[in-house]
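This report refers to the structure that appears directly beneath it.
Order of writing sets the chain letters: A, B, C, D and E. Residues in each chain are counted from 1.
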Amino acid sequence: MELVLADIEVVYGKRTRNHAVRGVSLRVRRGETLAVVGESGSGKTTIAKVAAGLQKATSGTVAWQATGDGGVGGGPGGSPARRQRVHMVFQHPVQSLDPSWRIRRSVKEPLRYLGMADDEAERLVRRLIAEVGLDAQILDRYPREVSGGQAQRVAVARALVADPEIVILDEPTASLDQTVRGRILTLLADLQVRTGVGYLMITHDISSVRRLATRIAVMYRGLIVESGPAAAVLEDPRHPYTQALISAVPVADPRVRWDGVVALPRHPDGTLAVTSCPVPGSCHEHGPGLHEVGPDHVAGCTKAVDPQKAATT
Amino acid sequence: MAVVDAGAALRGNLVSRLRVGNPAAVVAFAVLGTILTLGIVVPFVAGSGDVAQEYDGLLPPSFDHPFGTDRFGRDVFLRCMAAARIDIALGLAVAVAVLLVGSLIGAVSATFGRGVDAVVMRATDVLLAFPGVVLALVITASLGKNPWYAAIAVVIAFIPLLVRLARSKALEVRSADYIAAARLSGASTWQIATRHVLPNSFKYPFVQSTLVASWAILDFAALSFLGVGVQPPDAEWGAMIAEGVGDNLLGSWWPSFFPGLMILLTAASFQVIGDWLDRRLR
Amino acid sequence: GSGPASDDGTGGGDGGSAAVDELVVAYSQDIDTLDPHQFKTDAGYGVVGNIYGTLLQESYTDGGDGVLSYAGESAPYLAESATWDETQTTLTFELKEGQQFAGGEPVTAEDVVWSLQRALSDVGYVQAIGQWLNITDAATDIVATSDTTVELHVTHYSPLIEQFLAFQIFAIIDKSAVEAQAAADDPWGAGWLAAEATASGPYVVESRVPGQSMTLAKNPEFTATDLGDAPERIVVQSMPDPQQAFLALQNGAVDVIFGMTPDTAEALEQSDGLELYDLEYSLVAYVGFNYQDPVLQDVRVRQALSYLMPYDALREDVMKGYAGAAYGAVPYPMRDSLDETGEQVAYPTDVERAQELLAEAGYEPGELSLTLSVPASDESLSQSAVFIQSALRDGGVEVEVNEMSDADYNENLGSMQMFLDSWYSWGQDSVYQMFFLLTTGVFTNYTNFSNPEVDELVRQAMATADPDERRALSQRAQQVIIDEAPWAFLFTRDYLVGTREGVTGVTHANDANLRFDQLRVTN
Amino acid sequence: MLRTTGKRAGVALVSILGVAVLTFFITQLLPGDPARIAAGQYASEEQVADVRAKYGLDQSVPAQFAQYMGDFFRMDLGTSIRTDQPVRDELTSRLPATLELGLTALLIAVLLGVGLGVTAAVHRYRIGDRLVQVFVVLASATAVFWIALVAITTLVNGWGIFTSPTGRLPRGFAPPEHVTGLYVVDALLAGDPATAGAALRTLLLPALLLGVLASPSIVKIVRSATIRALESDFARTSRSFGYPARSILFQDGLRNSLLPVITNVGLVAGFVLAGGDVIIEQLFAWPGIGGYAYSSLQENDLFALRGYVIAIGVAYVLINTVLEFVYGWVDPRVNLAEGS
Amino acid sequence: MSLLTVRGLSIQTRTGVSLVRDLSLDVGAGEVVGIVGESGSGKTMTALSLLGLLPDGVHVSAGEAELEGRRFLDGPRMLARPNATMIFQNPTAALNPTMRIGAQLVRLLRFLDRSGTDGSAGRRRGDVRERAAALVSSVGIADPAAVLGRYPHQLSGGMNQRVMIAMAIAARPSLLVADEPTTGLDVTVQAQILDLIRATVAQHGIGVLFVSHDMGVIAQMCQRVAVMYDGEVREFAAVDDIYHRPGDAYTRELLASASDHPRPEEVADGTRAG
């Protein structure tokens, strides 16, 4: 099964008309991880919400398509059939758990709505809690009584308990400690191997992308400016923004010298300038369309086809 | 991350501090409990003090009459206690009614959005714009002189406040991540409203309603003072003060002083309990 | 503005008979209107009575105790003379020479005719009283025969005619000034006269703070009497709270309080430097029993209830002794009252007798429960209600007290089961009193009492011009009423005026009003 | 900015209309027959009928409503039944008294509220704070009529600190020439400090009572806002530079905590204008619109009462609308005109 | 000769809970010393204690600190204000929301002029606003006039952090304490801020105590690193030693979680190619 978002446009506010997402298409499959990266405010969370059916797209479609592995076809976003297929792990783990419910109830919730018998549900919940590396006694606690890392594990367990096809991860580790972050990422990878779940991971943390992603989509001001296999995008970024983004990540090794920050022009208030393309003749206003720059690798820059030209600025 | 952990630690700290005993809240509970107990027990044992000329008029406070007697020769203490029943019952009734009606309207307004919400908001605007006491006076004047009518008037005056609070809290909760999570888990709108939104937003109106109880006692007393609350010879603190104004100005301070003190103690207790609940539940 | 006055608040009021600068008179209500035919509050009444002159004026005798008592007759005022013709059907007034309204217009016979016609018109409620002038049609029976002569044509003589013409409801108003302001839908200029005055009396309105006070100054145009010693300025202050008014008197903020409550009167009597004028009036307080109520139709029930009333407690504890006994509907000191001392009681408190009567009527103790309505704003009445409730409960009758706002109370007069009311008849006339309160079909007969004998006796009394016959008829009617007990006759209320020491000239008038120009300050 | 201005004005207008409509129907509920009151206790049925016709009370409710709304738009509040005067004139002539009392009370409430709130915040969680909290609880649990009574017996009658409640000026002072209608201001304008002082002394006690009882909500807000500000990251920044405590208190603490006060002032004004005012004016024989409303209600003066309720309702809406603007203007975060 | 020396620093709450125990470290002039560690391990408390900014209810219970050889902290007592300034996480919140940027800079410059702690009374001359403008352009802000006229909420986090750095430099400190100054910023913005801090260190030769939990940032910014765990310094050594010869188990775990080694090989079962 794959989740397909086609030509999604999202405009916030009737009057203010904040065009948050401008014609984004992407697909997520079982077993793979699509990472959406990009700067703050570029529309990543919006895309995640649209994919999860929590936000209506102004235009465009969200659909399930059967892939070769023989799933059922799906209805449009928000239909009950979809609900068990997609779940989500939120950026702030504690806030994603109802403060007045014990952990057990929160994790069991999806099963209850599926009509599962309680003892079976209980068994499942215990298994998942163990799988995410938690002790069963945490089930009797309230969200405020657990740490952020624990809460995120609980959230992962809840997301997986009803065996969804796809889990959307909206910056799943952003609010976590470095060491906890590593453990959660490892956990997510393990679970994917075991259950074959697909991830749509929203993040701006390149290091988690490196560890988890099979494919990467780079968002910039509501558009996808580059997408392709993880390795290709990380090793050979073509769009100037992708290049800047990757070069900006400090390498966690003091022996590797890190000074290749590609500077992008900015407004006085610090937001990227509209004309931020370092290559004159900027194109993102109208969207140049994505150009094939490698196998399954596209970039939204006319100059990106020739990597030499784009990188020299 | 630090924010979360420090917060939890702090909260843990606070909660335990409250448990160990918030002296003010303990005192408030004790005062309220005493007044309420006396209010229930004393009239049983000693009558409600509504017989005129049982004693001499305007006796100052003494051992026999701790609060003195009024111009009708009635024991002010007995009447204060008889009044406690009415006043506290009314305060609580108003608080409960305001809480239920207010949260319901607020929740409906928040849930149905747009049209309903706009109407409810404008309606509360308009109600808020009305001078509370005068509104209540007009309503009681229209309905007739009866403590329950006065209570209805007070309820109407306070509902907009609770509607707004309940609505804004419901809206806040509705946009929380755990609601989105519940939706993804397959909860229906109704299930979300009843299992998540209501329980989580209810505590704010609930806390507020203790304050409403305190204000209601004050407002109800004000209405009685202005002469629309209870009928003689029933005792009510505001009405007792009104009866005692003349005596007070002419030197007999006790028939009006003690009922006012009762109002102060009761309303203050509700306030303190409200503050305490507020800190406990947040 | 004027500077601060001296602490005793009277400015130049030092000694002798020199006119004081300013006297502050406190009333418990605000001045509602200046229209002599529309007022409802005492304060409005008081002001109107002092800014408008009337044809006649009550004459007073100075008792030497600071009180000016009604001398039993009316004296000319704006009129030079009032003369009856032979048949006693025409009363001719000759106006005094050279009189002017405060605006400078002369006072003419035309003004007088118009003013009397206005009083008897439907502009106000005075017309109900107007019939006591025995005038058939105001438009034709009141005529100016010259610039200074006015004739009243009446059906027959009555002593009340001259007495009533001295009341301020028959104020003389400047016709031309009012008509200049009148509108098509308001031919009598009611809108204008409500706030403006064309003073023909001793005082004019100098200034006003709405809701607080009105300042009157001597009318420079007034020539009907000598105002030489009258206070230069009167401030009519509204002080809704009687105790506050008393305290204000005590600390010199006011000089006179009109209409005190018994408890403040008592306190006042005990304070140094203050004077209480305790004036007996036939202002009767009663509990009315509604004849339309099935329970109360039984005379035994009415009598039983009358026997249960705590008369002593009411007079002593509520009225603090500033009250007399009320013997029947026409109490002392009303003219022709059966009781000439003010001490007789028709149904003395007698619980046993009451219970016998109730038993006869078929009610065991505790079986009867009734509602007593009382106007909340009248402190003495609402306090009385508490005592009555308690006393009746002792007698086995449950009473629910219903305190009502004035508006509500007035609205429901006539339909309430039992009600506490007090009534004062201008002129203290027994026939007038019985006519309004106890004859069939009169709308101020709030008990719906209906007795053919009483109706007939009152009718005859109204028609007779002979005082002795009138008295006999009246007293027979009074006795019937006592036996029927349509009311519980509670007590008569004294009129209580408090002043600071040295204020004299308090009028014990038939219209229960102060004549500001008579007030003096001596020291 | 223009759009929000229009929107706010629209909301205000809708609220005012709502106030007018609701007032009509609520006063419609009043028991009793205003015409009977107007005609007087001794009037005959025909006279009552005439009066009824004169005030249009004989018409159907919808017709009366249409008439009423028409009058409302013409800013005509009808004629008082009691005094036969236009209600609007009666209200406007009494308004200065209420304004003088209300504004002074508001000023006292704000000064006291901010002062105590800041004191509590500075001494947070310590004894000073506790004392302020006690004040807050007591002041918000005190019945205004009771404390007024206690104050009158002790402060006026007992110790003579304040002048006797006989209106706006003690005996012997004439009202100053009408400029603003506020006696203290007018007397000062007229160069008559003696009268101004006397007016102030008379005004002070009722204003203090109202102000003190209205202050707790401001104290609470200022306290928590100031604490939040003083414990905020930006106050910590200021401390990191070693700014003096005063500068931190005023520039970081107070500046940020005054914003919520603005919105609260609307509520407090509501209390001062309407709630407490009716009772205080009654007790102090203060010739304002509150006392007017009370006697109108007593006398069932339908039109006067309506006029009063409308006046207060409209004033409340206007005050809050103005405050919203002020808020938008003072708080850069909601100032849309400047948004980038 | 080190610039900052901290010895035996212990921090406790009022109720006696120990937040930091026996912490010692030093920072040399022109040196950037990092503090990494688990969340809640006391990094922020350590940083705040050096400037006397501990929140209510938390205090230094023991230890001493010297800056430029002058003892300024002795146990619970702050002996003097150290010549140090600090920049914080969440720069937007660290600036007064009701004052324009310009006003905040002017307030600081005036204060510095008055107190004269930087020992340059001569700087009194010159228009404060001009100096403010010069200051913000010195931190790489292209249009100072525009920025000075704005409120913090009208600027991005990165821009506000530049302003904070400008203010921190204006005081001419000898030590700059930075508590996670780039957490929450976009990586591209973070890179620029880090560049700016490096440039500032180079230009003014000041010492920096740099708190972060990002091993990448620490690796690139610092010369020496202290690793904290549960209120204690586990390891304090040169950055290369920490990253390549970690002596502590917790340090190793940190490094392991930070290294972005690709997905475990056993996962490569074909799904990756998708």
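Worth pointing out:
The definition used in the following text is that contacts are C-beta pairs under 8 Å (C-beta built on N, C-alpha and C of every residue); 3 or more make two chains touch, one makes a residue touch a chain.
From a predicted model like this one, the values you see are computed outputs, not experimental measurements.
With contact taken as defined at the outset, subunit A and subunit C are each touched by B. In this assembly, C is the chain whose CA centroid lies farthest from the centroid of subunit A. Of the two chain pairs shown, D-E and C-D, the one joined by more C-beta contacts is C-D. Taking the mean of all protein Cα atoms as the centre, the chain whose own Cα mean lies nearest is D. With each centre defined as the average position of its C-alpha atoms, the distance from subunit C to subunit E rounds to 89 Å. Chain centres here are Cα averages; for subunit B and subunit E they lie 51 Å apart. Distance between subunit B and subunit D, defined via averaged C-alpha coordinates, is recorded as 23 Å. Per-chain Cα centroids separate subunit A from subunit B by 50 Å. Contacts with at least two other chains are made by residues 241, 244, 247, 405, 408 of subunit C. Among the residues of subunit B, those in touch with two or more other chains are 1, 5, 141, 245, 248-249.
For subunit D, residues that reach two or more other chains under the stated contact definition are 31, 152, 157, 282, 297, 340. Of all residues in subunit B, only 24, 122-123, 125-135, 137-139, 141-144, 214, 218, 221-222, 225-226, 238, 241-242, 245, 248-249, 253, 256-257, 259-260, 263-268, 270-272, 275 touch subunit D in the complex they form. Against subunit E, in their complex, subunit A makes its touches with residues 29, 31-32, 39-40, 148, 177-183, 189, 192-193, 196, 204-207, 210-212, 214-215, 229, 244-245, 247-256, 258, 261, 263-264, 266, 268-271. For subunit A in complex with subunit B, the residues that touch the partner chain are 49, 52-54, 80, 83-84, 86-88, 90-92, 94-100, 106, 109-110, 113-114, 144-145, 147-148, 155, 158, 162, 175-177. Within the complex formed with subunit A, the residues of subunit B that make contact are 1, 4-5, 8, 11, 176-178, 180-187, 191, 196, 199-200. Subunit E makes touch with subunit A in their complex at residues 36, 38-39, 141-143, 146-147, 150, 154-160, 162, 186-192, 194-195, 213-217, 219-222, 239-240, 243-244, 250, 253-264, 266-267, 269, 271-274.
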